[in-house]
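Input: a single structure, listed below in structure tokens.
Order of writing sets the labels: A, B, C, D, E and F. Residues in every chain begin at 1.
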Amino acid sequence: MSTVRLWTDAEAEANPRVKAVFDDIRATRKSDFVNNVWRALANQPDTLERIWSGLKDVMVKPGALDPLVKEMLYIAVSVANGCSYCVHSHTAAAKAKGMTGDQHAELLAVIGMASQTNALLNALQLPIDPQFLVES
Amino acid sequence: MSTVRLWTDAEAEANPRVKAVFDDIRATRKSDFVNNVWRALANQPDTLERIWSGLKDVMVKPGALDPLVKEMLYIAVSVANGCSYCVHSHTAAAKAKGMTGDQHAELLAVIGMASQTNALLNALQLPIDPQFLVES
Amino acid sequence: MSTVRLWTDAEAEANPRVKAVFDDIRATRKSDFVNNVWRALANQPDTLERIWSGLKDVMVKPGALDPLVKEMLYIAVSVANGCSYCVHSHTAAAKAKGMTGDQHAELLAVIGMASQTNALLNALQLPIDPQFLVES
Amino acid sequence: MSTVRLWTDAEAEANPRVKAVFDDIRATRKSDFVNNVWRALANQPDTLERIWSGLKDVMVKPGALDPLVKEMLYIAVSVANGCSYCVHSHTAAAKAKGMTGDQHAELLAVIGMASQTNALLNALQLPIDPQFLVES
Amino acid sequence: MSTVRLWTDAEAEANPRVKAVFDDIRATRKSDFVNNVWRALANQPDTLERIWSGLKDVMVKPGALDPLVKEMLYIAVSVANGCSYCVHSHTAAAKAKGMTGDQHAELLAVIGMASQTNALLNALQLPIDPQFLVES
Amino acid sequence: MSTVRLWTDAEAEANPRVKAVFDDIRATRKSDFVNNVWRALANQPDTLERIWSGLKDVMVKPGALDPLVKEMLYIAVSVANGCSYCVHSHTAAAKAKGMTGDQHAELLAVIGMASQTNALLNALQLPIDPQFLVES
């Protein structure tokens, strides 16, 4: 179904750069499960390393936002971009980080409302109020 | 610049349905400022009432998510949908609700990272891992 | 502001292929006004001819849909794709074809509602009901 | 396959708010069929009620646009937003409201043509002709 | 699964206009395989002829860009538009035209990187540097 | 106009991490010009360093694709994502790398054609031909 081949664990074991990333994924997530996106990116170790490293920096490293909030933001972007795989994987990740059914429902309500007003504003083509241009 | 006419305060005052919404916007936000989107929607009171009412339900009514988190989700969706007005207005709203520079920067980093992996996954067309299909 | 140069009337007059298209645009629309998109496409007569010819086939030639309905569909797609120029030009075209303020407002309400449920469905990732797969 | 659980008829019967919406869907559509989107939204009665109520206002209540035209506009937006479920359900709805094969084909031709020129204009970044900025 | 019926070879043979296009597809591609998009567009010979003719002009006729480069551009646009069928068919076409695994991986890296910075820029809403507005 | 403050050269000089990136941008591009996106990202050195480093890896480091081809792919993605700043900056970059007017015109023709068929396929919801699923 995919446009590239997915690497098996045996293949990953045999390639030092791929093995190092898979090992780090497992250690970081404290789980043996390596999902398909990494098995696909394994075809190009440069990209595999760069994407995993960037994802760790943005999503795993402690920062100014709560990890669950970041997963919900990820879902919001993935929904707007129509990425089915991403919606599935990050909804699972958000649930694993404690997202309740009520939080999920409210997340969806916000995404839907924003998409509705985004469309209205794209249709109205309004001048931006000067108040919104002031920077702090 | 816009595709519809923007209502002045004097015009809004003269239309009971529009006046009622503008009054409620000012009371809800505790501010005299009514931004352009409402002045544009005033051309059709049905839509004006429905959108404002929906927005209050989703964004103002206390729920399962923090108000600032909802503003950041709104920004994320607006960025992905390329709505310039919405990005400006909701970034201003998030700052008004206390978003710090570091939180804004991390929000942008998450949006950018999600957009990158969304594109990769849309290119890879991977089968969704069965683990992500299990529902709680 | 644009990424290519816009052709003046004098330049268009001097190029037989561009002149032929500009003449046809004026004759078809019964107006001397040639808007910027054609002045930009003039840089490549092949594309200019192909796009204008396709647009006449789809939008001008009598078919199964009313011309005003087709303009409103064009606006709906342009809003969803976030094309500012297209929203402006096709809103103007729809008004020229008789779109009333109420029709415009209802068009926007439909576009907004569809965008909201599109987002909800992209978030829910539902199986398509078998009833929708039956073809007539 | 979905990211939330779908409610059965038995579950819907047991929840007064969900039952009221399902009953209204059946009465409004004069059909016993309740499609999956409502069974998914049932997880959050607030959102279920708000979306169904908005959809009735925009799509069912007599207005300035023909119901079939509104279904075709819904399809156009759903195609542009890449919502597979929405394209399926609203194409079925449009057929049920009398959309002929020729109208469907012309609808698709308009959507395709608009998407092509949307992309060209997004690439050309043209100034908007002053004529399009004049408001009536 | 589709929203329209797919034409069989026998049906295509019986319709002179559809037969002419299918014959030309086979002759142009030097292959007996006619993929589903043409079997779907066959429902409307006008659109079938217009799309196939345009596609030959843009993608088959020798021009200023290499055929493989054009296939990769097609993939890039299809990924950004979230078109699953198009990503599959044009990835297959690019491989048939010689795209290597390394080229595919680098193509994906560029698409991902561009999507990330697109999102950042849509969030930042920056003024365009005057240097980028100068036309040659 | 932007949602964040743009850093001046003087401010960049005073921050060692920002200065290092600005110096590297200037050295890599052999030009004193640092465009606005970097002045905006300077507000968060972590993101500034990560994005510039990733961009160098993908766009500057010699790889399997020609640098001009990569710029054209970047334009294609930016057009599809409706990022005005990105279309301007990468069109300028492509011209600087030798993109001719004819190549630009053909690039636009491919982007437009792909967007048209993307929309048609999103509307048709076709099953993917088994031939496209075979992996090499």
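Criterion: a residue touches a chain if its C-beta (ideal position, glycine included) is under 8 Å from a C-beta of that chain, and two chains touch if they have at least 3 such contacts.
In this text, all values refer to a predicted model and were calculated from it rather than measured experimentally.
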Smallest number of contact steps required from chain D to reach chain E: 1
Chains touching both chain A and chain F: B, C, D, E
Chain pair repeating A-D, as identified from A-B, A-F or D-E when over half of the contact pairs by residue number coincide: D-E
Interface with more contacting C-beta pairs, comparing C-F to D-F: D-F
Chain centre separation in whole Å, for chain C relative to chain A (CA means): 34
Chain C and chain E, separation of their C-alpha mean positions in angstrom: 21
Approximate Å spacing (C-alpha centroids) for the pair chain A, chain E: 27
Per-residue overlap in chain E, given as positions that touch at least 2 other chains: 1-4, 46, 50-51, 54, 57, 77, 79-84, 87-88, 91, 102, 105-109, 111-120, 122-125, 133
Chain E-facing residues of chain F, complex: 1-4, 6, 33, 35-37, 40-41, 51, 54-55, 57-59, 63-65, 69-70, 72-74, 76-86, 88-92, 95, 100, 102-103, 105-107, 109-111, 113-129, 131-134, 136
Footprint of chain A on chain E - complex, ascending: 82, 87-88, 91, 101-102, 104-106, 108-109, 112, 119
Interfacial residue positions of chain A with respect to chain F in the complex: 1-5, 46, 50, 54, 57-58, 133, 135
Residues on chain E engaged by chain B in the complex (per definition of touch): 75, 79-80, 82, 84, 87-88, 91, 107-108, 111-120, 122-125
Chain D partner contacts - residues on chain E that touch it in the complex: 3-4, 43-44, 46-47, 50-51, 77, 81-83
